[in-house]
Amino acid sequence: MSGSVYGNIFKISTWGESHGKGLGVVIDGCPAGIPIDSDDIQRDMDRRKPGTGKYATKRSEGDKVEILSGVFEGKTTGTPISLAIFNEDQRSRDYSAICDIFRPGHADFGFESKYGFRDYRGGGRSSGRETSGRVAAGAVAKKLLAEIGVEVNAFTVAVNDIVVDEKRFDFAERLNNQFYMPDKEAAQRAAALLDDAMANKDSVGGIIQCEVTGLKPGIGEPVFDKLDASVAKGIMSIGAVKGIEFGAGFEAARMYGSDNNDNFYISEGKVRKYTNNSGGVLGGMSDGDKLVFRAAFKPTPSIAQSQITVNNRGENVTVEISGRHDPIIIPRAVVVVEAMTAVTLADLILMDMCARIDNVKKLYGKV
Amino acid sequence: MSGSVYGNIFKISTWGESHGKGLGVVIDGCPAGIPIDSDDIQRDMDRRKPGTGKYATKRSEGDKVEILSGVFEGKTTGTPISLAIFNEDQRSRDYSAICDIFRPGHADFGFESKYGFRDYRGGGRSSGRETSGRVAAGAVAKKLLAEIGVEVNAFTVAVNDIVVDEKRFDFAERLNNQFYMPDKEAAQRAAALLDDAMANKDSVGGIIQCEVTGLKPGIGEPVFDKLDASVAKGIMSIGAVKGIEFGAGFEAARMYGSDNNDNFYISEGKVRKYTNNSGGVLGGMSDGDKLVFRAAFKPTPSIAQSQITVNNRGENVTVEISGRHDPIIIPRAVVVVEAMTAVTLADLILMDMCARIDNVKKLYGKV
Amino acid sequence: MSGSVYGNIFKISTWGESHGKGLGVVIDGCPAGIPIDSDDIQRDMDRRKPGTGKYATKRSEGDKVEILSGVFEGKTTGTPISLAIFNEDQRSRDYSAICDIFRPGHADFGFESKYGFRDYRGGGRSSGRETSGRVAAGAVAKKLLAEIGVEVNAFTVAVNDIVVDEKRFDFAERLNNQFYMPDKEAAQRAAALLDDAMANKDSVGGIIQCEVTGLKPGIGEPVFDKLDASVAKGIMSIGAVKGIEFGAGFEAARMYGSDNNDNFYISEGKVRKYTNNSGGVLGGMSDGDKLVFRAAFKPTPSIAQSQITVNNRGENVTVEISGRHDPIIIPRAVVVVEAMTAVTLADLILMDMCARIDNVKKLYGKV
Amino acid sequence: MSGSVYGNIFKISTWGESHGKGLGVVIDGCPAGIPIDSDDIQRDMDRRKPGTGKYATKRSEGDKVEILSGVFEGKTTGTPISLAIFNEDQRSRDYSAICDIFRPGHADFGFESKYGFRDYRGGGRSSGRETSGRVAAGAVAKKLLAEIGVEVNAFTVAVNDIVVDEKRFDFAERLNNQFYMPDKEAAQRAAALLDDAMANKDSVGGIIQCEVTGLKPGIGEPVFDKLDASVAKGIMSIGAVKGIEFGAGFEAARMYGSDNNDNFYISEGKVRKYTNNSGGVLGGMSDGDKLVFRAAFKPTPSIAQSQITVNNRGENVTVEISGRHDPIIIPRAVVVVEAMTAVTLADLILMDMCARIDNVKKLYGKV
């Protein structure tokens, strides 16, 4: 229970360190019969891959995913799907400058406090590279969701103080700029802001929004395994996320009930809502509307400026972090947000199948 | 897996509906030897109890907790602790006005979609009364935490647009007003705002902050069971919570790395930080600093105004919700936030014991 | 994780000690819509109840079960079902004779080693009364199974060396004698043997067989959550069980492959087997045949003879256990075996629903 | 939840098919600081490896294990340990003769019933090769156990009707013969019996005994996660196991309480027992004595004789299974029994650490 297993029915177990032999994930509980090939997964891996944009690290990771088990004749077999990404770029580095130092904003101090020592090579298990396994699993979960018409899309709504106005959302545009921003002009301003930050050896944060369509009402388990609670755990488990909000979110705290309540109405025989302050979730279950949430990412903690900190011998020191680091986490995190959302939803959708005896009878052939 | 079991080692299983025979919780995995009596639990139950303030429902719930098992000679035995609160005020009501209606902002539509029908009496399992079991479990978790010097305190930092200025925090004051606000003047303004809202048959939201002291560094499991991710799930599972943020939270998205990083230094042989933008958590593990987070609560969805909605026969209707309803959830939710935090921390602290073979050897008598 | 939670989807959490306020169980994850009332449960509780036969303790436990939550208008709601049995016969006893003694064959030494002290009243949590919660949960699981035509029946095939010949099985008879033996003559011999044992202040063991009909092929999850492995855990978790075997069981170790393999054939379009050495399970999944297993119970450890043992101060002592004790566990354990089997099967059947994407699509309305 | 994840704290997730790219396991929750290198694991892998004895398949699997993550500078880091065995001998075979046939005694029918199709290459996930991941995980668990002086040893006590007399046990001898029998003469008779069986294109079964020393009293969690119940699940999850018994086992059913109860006594200040009918477990917790259990293995279902069976088109057919198959499972299963025992014990020992608040305080530095 070192915390690298996630999910109840659709259960993933990730492994790997930044500079070890590789990284990967084992997915247990994926239903049989889903068509899948490695290209489906590679497509998402490439979105997470560094080195493709100006604001991403230059390391050529390759990130080539291999399916090691669980797929036969192009379909999932129902048995564990093992996916691995072997590290190609393990160039020998000298870590002596930081191996005994607790970098500000990083997990170094926590790791050493918890385990007594740590794998200091490139952050080890706390590296952003840890998300490779998540993205691979997310790609499989998306294939499951696609079978029932559920789609997950994340994009960037803020880079530092450059916030995309919801009225200006241009979804197609999000795929045209390296920030995944649904607003061309905002993306251009973000680029300029990033250039300045990099010149200052600094980094910036931002906000990612995620939307899910196709969810039927009732997904999510009342009380603890609520839809929003479960998604919140998945998203907050991504390094650098400092907050999450659904629908009106923190703004809801300033609203009156008469404004915040989304009124229901019937349209074409379906229950709909006039507004979506709920963000698509009521009482922890999907309400048939679009699921909408936002996650706040802190700026990349690795910066080249000289910083005050301590080492593991209890001494005050300064550190300058060299090497390859993204000045902003957001662009590569978009697909990670999608992945964690997809994995969480796959699990909740499978759980929901067991909610009614009618379902059991239907599948057992008694109805 | 209807979602009413929470935790891995310190595991709670809550039960009960608003207008059934009672509510309760079974705690499995609480260590043996913790001194406890029902007064310890009742104290927190009373903080959740309605009918004590002007801005709380008038129902006299009693909320008298009984310890049914797991405590012997004043100490926990290591076996399941069963706690029950039997409903006293089950006055017969006429639910015909709402039994087939999906109330706006409520879980009614989700429940009926998921299960095919629902217990419509007072919201059934989705009632705020569901939190009774959480609070009872939280009181036990707090006793565990007290044994190792960990303390959990929640209070209100915003009621609608009345926000407490952090510079004015007066912690003692939070226990003197019914909003748990650490600012006497803000509490007075909140009272006036509530009076207006009630006059308008409306409701308001707010923000609760929670702080935990005494956490040693390294609590929280890397990757999925991170400290912040786990707490986020627990808190977001409380009805009406729409967002959560740790430390600088959403503001971190607007900061530069050089400002957001908390610099470490050594003081009296201990690793400390000059600032706490992290909110006490780095890489998903406690960093030795105070754990700080905020949760946004939406306004109470039950309002007496006439609202547009639909019924379960697919018809557009209007509804006026009568009965006893808090115009604001915040005051009674403070102790629920503490409870979910305490339960989550108890679990993570027990998990952390297993992180090092040195610990195993120490307890097995091999060191 | 003191081990009182069982199951993955159909999850039960039992609580209670022999001489505390009561015992019970919370069932989380039971599908909505199953018709149930307390009589359904009471029927099985009565089979476990002591005091009804000559070879059972005289304590009038009552064992009246109450449904505290999760059932509305006669049907399960999908939310936790809380069942409680409050202790009536809490007559004040003097435990000073055994409170510091480790009784041979009992859990006393283990409990004290593990937790540092124990609830010595009537065995506390390790009492046979602990099974009350199991039986109550089992009755609910049986209702679920009944909806899809799955039936669980246990009976006694051996009392000490009196073994029922499979060729003489008379199933109706098992309900006519207090040993649940499907052989009238064997039951009479068992009665005589028990009389002798009681005269000698001694106790005897026996073997219970359990059979399940109506299981469709494919139930059970490959590798670790196999049908037989899961049932084995459930049954071995019943106090006093020392072994379990499926189908040919230990005898299979003496067979040749050509004899042990059950040959398949087609009959009326269905896959059938000529023999059932498998006991209805192949590769950890049901094979469409009757599930058959046997569990060995040791003799009741509480005997009135003087026994050599030790106390918790490290002294050699002798003990004579007075009070009410069954001279044989078997008759009251039959319904407990059924209960654990039913609970385990309910869980595996729900899990199996998620095995194929076709099932997901069917329930999601995409096929 | 296709059932390939096992354990609560020390949690393993195995993957891989017989004729896919490879097999492996991810171990989550292994404490940090345990010295380990791949030789430690390879040693056990080699014991499971086929092709080394006369009564084992001739396939040269290699079974070379690689540590992909979780070990740094020769010690476990506390993060997931990924172990893989890549298949070398993937020689192209023609499966057309059996791809649509349900082999007697095999999981084929169950797999196809459950998932709608199956990976028929060499049994796919239900192949004996699936145990590779278990053995690799077991080797790591044994390293953990070695740190606290716990040792696991399995050996063969019966091959068909050749049963080793407990009085003749010669433990050193078990490593000298290919059956792992602690009796040289019995092993010779077993060899002769196997020669006959092979001549008849037949297979035989047998019984493995496992013993664990060094367990302190109190290991195992009362009620469902009992020591014996947990071990039983692990062992019964090994393909071909049809039964398990602890201590006196099935023989206990024929004993009187006065004989079956193991009397306690004090020796050198320690609680000991005169006999070990309990097999080292009382009330589901270790009693300080040697843990002893036996598992019955059925004969290998793959035999070269012509057998009656059916295909997946519902037709009666005959099948002759060609290829490489062990005429007895036992010799290679010995290390698998040890592995599942070690993995289960590692988990229960970690759980037990959380049983007392004194332990929590000790590790938190409050005592």
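When the chains are written out, they are named A, B, C and D in that same order, and each has its own residue count from 1.
As a working rule, a residue touches a chain if its C-beta (ideal position, glycine included) is under 8 Å from a C-beta of that chain, and two chains touch if they have at least 3 such contacts.
All figures in this text were calculated on a predicted structure; none of them were measured in a lab.
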{"item": "Intersection of the contact lists for subunit B and subunit C", "value": "A, D"}
{"item": "Longest centre-to-centre distance from subunit A, chain (CA-based)", "value": "C"}
{"item": "Whole-Å gap separating subunit B and subunit D, where each centre is the average of the chain's CA atoms", "value": "44"}
{"item": "Rounded Å distance, subunit A centre to subunit D centre (Cα mean)", "value": "38"}
{"item": "Approximate Å spacing (C-alpha centroids) for the pair subunit C, subunit D", "value": "25"}
{"item": "Set of subunit A residues in contact with two or more other chains", "value": "1-5, 8-9, 14, 29, 32-33, 78-79, 114-116, 125, 216, 222-223, 351, 354-356, 358"}
{"item": "Residues of subunit C touching subunit A in the complex", "value": "8-9, 29, 31-34, 76, 78-79, 144, 147-149, 216, 222-223, 349-351, 353-366"}
{"item": "Parts of subunit D lying in touch with subunit C, wherever the complex brings them together", "value": "1-6, 8-9, 14, 102, 104-111, 113-116, 125-126, 130, 158, 160-161, 197, 200, 202-207, 216-226, 228-230, 232-234, 236-237, 239, 242-250, 252-258, 260-266, 269, 271, 274, 277-279, 282-288, 296-303, 305, 307-310, 314-316, 351-352, 354-356, 358"}
{"item": "Residue ranges of subunit C touching subunit B (in the complex, touch as defined)", "value": "1-5, 8-11, 13-17, 20-24, 26, 28-30, 32-33, 66-70, 72-73, 75, 77-82, 84, 114-119, 121, 124-125"}
